[in-house]
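To keep things clear, I will list the structure first and then write my remarks on it.
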Amino acid sequence: MAEALLAIDDLRVQFDRGEDEVFAVNGVSFSIAEGEALGIVGESGSGKSVTLMSALGLIRENGKIKSGTAKFQGHDLLKMRPRQLEDIRGRDIGVVFQDPMTSLNPVMRIGDQIMESMLTHQYAGRREAFERTLQLLHEMGIPEPKARFRNYPHEFSGGMRQRIMIAIALACEPQLLIADEPTTALDVTVQMQILALLQEQRQKKRMSIAIITHDFGVATNFCDRIIVLYAGQIMEMADTRQFLRQPAHPYTVGLKNSIIEIGQRDRQLSPIPGMAPTLTEPPKSCSFASRCPFATERCRSELPALREISPNHHVACHRAEEVLAHAI
Amino acid sequence: MPSSPLLQVEEVSKRFRVQGRDLHAVEKVSFQLDAGKTMGLVGESGSGKSTLGRLVLRLLDANEGRILFDGKDITSLSPKQMRPLRRDMQIIFQDPQASMSPRMTIGAAIEDAMAIHNIGTKAERQKRVDELLERVGLPTVVKYAFPHELSGGQLQRVGIARALSLNPKLVICDEPISALDVSIQVQVIQLLQELQKDFNLTYIFISHNLAVVEYLSDQVAVLYLGEVVEQGPAEELFANPTHPYTQVLLQSILKMPDDTEKRQALTSIQGEIPSPFNPPSGCTFHPRCPFATDVCREKKPERKVVGNQHSVTCHLAN
Amino acid sequence: MAIAVSQAGPVAAPKRHSQFYLGWKRFSKNYFAVAGLVWVAIFFIVGIIGPWIAPYSYKDADFLAMHTGPSWKHLFGTDTVGYDVFSQILFSIRYALEIALGATCVSFVIGVILGLWAGLAGGIADVIIMRGVDFMFALPSFFFALILVVLLGKGLGPMMLAIGVPGWAGYARLIRSLVLSMRNGEMVEAARALGASQSHIAFKYMFPNVVGSMVVSLAFGIPYDLTAQAGLSIVGMGLNPPMPSFGNMLAAAGENILGFPWLLYFPAGIFAITLLSFLFVADGLQEAFSPKGGM
Amino acid sequence: MFFLRFLAKRIVAIIITLAAVIAISYIMMYASPGGFMSTTQIATALAPLAAQDPVAYQKVMEQFQQRYGLNLPLWHQVLLYIWHSFTFNFGNSMENPSITIMSQLKSALPISVILAFASVVVSVVVGIPMGIIAALKRNTWIDYTVTTLSMFGQAIPSFVLAVIFVLIFGVVWQNVLPVTGWGTFSEAILPVISLAAGNIGVVARYMRGSLIETMRQDFIRTAKSKGVKYWPLVFKHGVKNSLTALITVIGPQFAFTVVGTVWVENIFAIPGLGKVINTAFTNFDFPLAITAVFILGATIMVTNLVVDLIYAWVDPRVKLQ
């Protein structure tokens, strides 16, 4: 495996809700290698976005990073002064957000929004930045870049806006692209187009991508490695191949079974009972235990550590081996 | 003679007037649905599937066509005449929070449905609220809660309980799971399935999720820009998708592969859904269709029967 | 293995926290608003019992004690004619409240009726009413009030009408937009799907959800009407003397300020604090009960 | 052209509204008890004549009615009045029949216009930075100070402030700033502050709220993700988007300011339109009163049109219609 581009270690993030605190991320550690496509999968409230956004300093004011490091090329993002972090955002790390409708500035021409990133980082002069913006728009599959440069976001369709978002993120040729649910707000045919575009750009630019998604279909078809988050903890982290063949965490298994796919008309459903918790205190036992069919007394009293059960396959479950044996 | 279907929709069209222009939301849609069966309506955003659901319930009035419920033409009934019929036809919304009054407790919301139709005494209705909540898998104490205190999945169960409180025959499920998390989606689907079996419910299941529609439906109609491009029995349609759009939709679904070697190629058709204000000439799908010919550009395709109750609106189908 | 979890997962014991309760909790944490509410309450009480606790009638001038400073005999002093300022203020509060409340009610009732009509009926009624709203917004309602005073005169009732009638447009527009946003919303659609009648929808679904906004707009309306009433006095079109009003006292004080500043201290101070209190209350209500103030 | 058609439509609407304003004011005044003849000064002046020589009195009355068109049918009077107003042929005032209304307006209008615009400019120039600072320093003592001050400004009407200023600068600190008159810069200071205080409060509070709201938007996060530095983020993305919302309150605020000038001019004895309105209404000088209302209405409506144009220019999403 190549060298880690971004290494997050023991990250803990809490949100202050006034009357109580939400423990959104509880000791998450993982890394993204150079050139790797990492999928971070989880349901809403699992902390999948918060993990990466807090590393970039992009969470809301009421969110506090309690501990951990996030080393990007060896430098800890969490210890940087705001100015240093600003230099990295947009230049070394680009971000694509979920909702292209609200994520673009409504009163700024889209061309200027793309150029802004290059000008901020002195990546290019005005003239070159302009030329490069046209080039980017063309690469993103936006027809007539010159005319469209001067348009405002509301004059584009959802899919086109997401292409503009990607152009913004890629403007300074970052080494890492973080895509936070990049296709969730889009129709399926458009989702495919956007993923194809991301795939193509990734191969061309040789950059790393972290895709945050709730969709196993997207993650498994796109990514090299997959992390499953639940209640702000990593439940399972594995190469996609292992993940597909031998899921070892009951939550992963349950989640995979929850997906209904084409051609499964006669299938029996076996939903995971209950719902994901919102932690208002740090987890002291397995957060999934109350919904887990394999839970034992130990699961309800002891927090399982994330352990490597086979090379590059990490699971946070006391009974992972049994699950594996049962599943095979 | 077989009994008549519970619901017959005949050549129904709906146009909205928006800023002086006509938006063709639903164009000449027809289908029949037998009691106890499920009709799936699939399509991307702007395909008119939700509008169609509301037309069936007469929450919107159709511009053309007829809707027969239980053999009775309800197309031109007045709102007052419709009211007693509402007991028999209910709807479950995509966003249960938006469909409930934030000032009413869960219990009051469910009870109100019965109160509107003067069903039972206050005490009987209260008892029924408890039963319903239990039936949809919620503890009865939630009846004291307000909508904002429940999660999306719980609220959707409340929405289902409210719809069921009137013992309807037909339930329109308008994207009931698309706002929910994956693990909660299956719970709700399972619940809907059980309820259908227990109460012999008839569903119109509206969704953009093809797999779920396939899973739940007996009949399926695929909509594009307000028109049905393909419809037929679910099994038949998904085994033999004939319209290019249905094929494209099916190819666009990212299936979890068995192994990394069996991953899907990320290819898709170009272009996006055109503006419904200005639909393309001829076959509305022609600008995006990989097989489009001149005739597709010029002439509107007719509906053709290609199999057992399986019809396709495409020039190229045979 | 038994799964001891209900299908829908654990539900926290419901706290029975209605929106009203939560709003009230937020309001009570806003100290300015609470302080304002206390003053407004005092103002109302004084307005009701004022005439009984006033040491003098507003009509009895003490010609032997013209423009004397504050003393035990005349708490806030006397004015140029010998009226007791303290008593004048007590009566002013009463009249100010009568006119402001009356005017606000008039505006509100007309506005609610027309707003509901426009929002529910739609079509030509809507067009006509909204044209009327545009018309009223073309000029400040103060000018319509001025003209109405000419037509109606300067008594208590006429003042209420003169200030109240032109104020309908704001309420009508608010009510109409609330009705429209709800009429097209999923909540009302759901209620229709349940088979609820128009009146059931209006009373059980729409009304409870607009009452908050209406109360907030009323809370903003009262200080506005208090200001308008005093403003009419400033241009000589206020309540007929010798009926006391804050506007008349301020206008008079402005003219006689050089020697007798106490004529200004008390009326201006009380009037300003009152307006401020009303605004704090209105603002507090808005923040506590408006949908945006929620989360 | 689209823009010209929009402009033409709005101007027609303004003309119709103004005509309606004139018609309604005229009819209401016509219908007021005693009608035009209750005009105080003229009525008093003519009272002895009516007693001594009824015939002469009748003649004078007829002359008077003819002069002001009062012998015509009501609808004719109204139309005539509208026509005269739009041709700026306002005629003579009743109170001082010797001078034309136009000549009164010529001296009074510019004063009020300057007063109103100066106070709007001051409120924008002071209010916007106050709002920005409060928003950026949210929940600090700076924010609390600004919001509380804004509330004071908003709650206390300009006339109360004006009277207080008269007390302070006329009694306590005499000769620091003049409290009456108009013409010099220093004479303008107190009236402008009295008028601007409320607007500053509104602008600052609105700006604060709107900027806080904007800074929570997703596109701000996008800009941050691009590495945009703090101040460009605040100004290019935050403030610019908040301003579009602020513009919508400036229009109505201007209307309030115009009302304020009427009050403030009376207190500071400024010979502006407000003073004219005051005398016109207290003396029941109808031609003058209606003309003044007409001029104010026209000013407010034209200002609103300009505000709408600016709004459409600043926010590309707004379609002129």
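A, B, C and D are the chain letters, set down in written order, and residue numbers restart from 1 in every chain.
Everything that follows uses one rule, which is that a residue touches a chain if its C-beta (ideal position, glycine included) is under 8 Å from a C-beta of that chain, and two chains touch if they have at least 3 such contacts.
Just so we're on the same page, UniProt names per chain: B = Peptide/nickel transport system ATP-binding protein; C, D = Peptide/nickel transport system permease protein.
Keep in mind that what you see is a predicted model, and the values were worked out from it rather than measured.
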{"item": "Closest chain to the centre of mass proxy, which here is the mean CA position", "value": "C"}
{"item": "Pair with more cross-chain C-beta pairs in contact, given B-C and A-B", "value": "A-B"}
{"item": "Distance from chain C to chain A - Cα centre to Cα centre, in angstrom", "value": "51"}
{"item": "Rounded Å distance between chain B and chain C, as computed from the means of their C-alpha atoms", "value": "48"}
{"item": "Where chain A and chain B are represented by their mean Cα positions, the distance between them in whole Å", "value": "32"}
{"item": "Chain B and chain D, separation of their C-alpha mean positions in angstrom", "value": "55"}
{"item": "Residues of chain B whose C-beta touches two or more other chains", "value": "151, 153-154, 187"}
{"item": "Interface hub residues of chain A, defined as touching at least two other chains", "value": "273, 275"}
{"item": "Where chain D touches two or more other chains at once, by residue number", "value": "none"}
{"item": "Residues of chain C touching chain D in the complex", "value": "32, 134-135, 137-140, 142-143, 146-151, 153, 223, 227, 230-231, 234-237, 250-251, 253-254, 257-258, 261, 264, 268, 271-272, 275-276, 278-280, 283"}
{"item": "In the complex with chain A, residue positions of chain B that touch it", "value": "44-45, 151, 153-154, 181-187, 189-190, 193, 208-212, 214-215, 234-235, 238, 248-260, 263-264, 266-270, 272-273"}
{"item": "Contact set on chain C toward chain B in their complex", "value": "6-9, 11-20, 185-187, 189-190, 192-198, 200, 204-205, 208-209, 294"}
{"item": "In the complex, chain B residues that touch chain C", "value": "54, 57, 59, 79-80, 82-87, 89-91, 93, 95, 98-104, 112-113, 116-117, 136-139, 141-142, 144-146, 148-151, 153-154, 157, 162, 166, 187, 191"}
{"item": "Residue ranges of chain A in contact with chain D within the complex", "value": "56-58, 60, 82-83, 86-91, 94-95, 97, 99, 102-108, 116-117, 120-121, 152, 154, 165, 168-169, 171"}
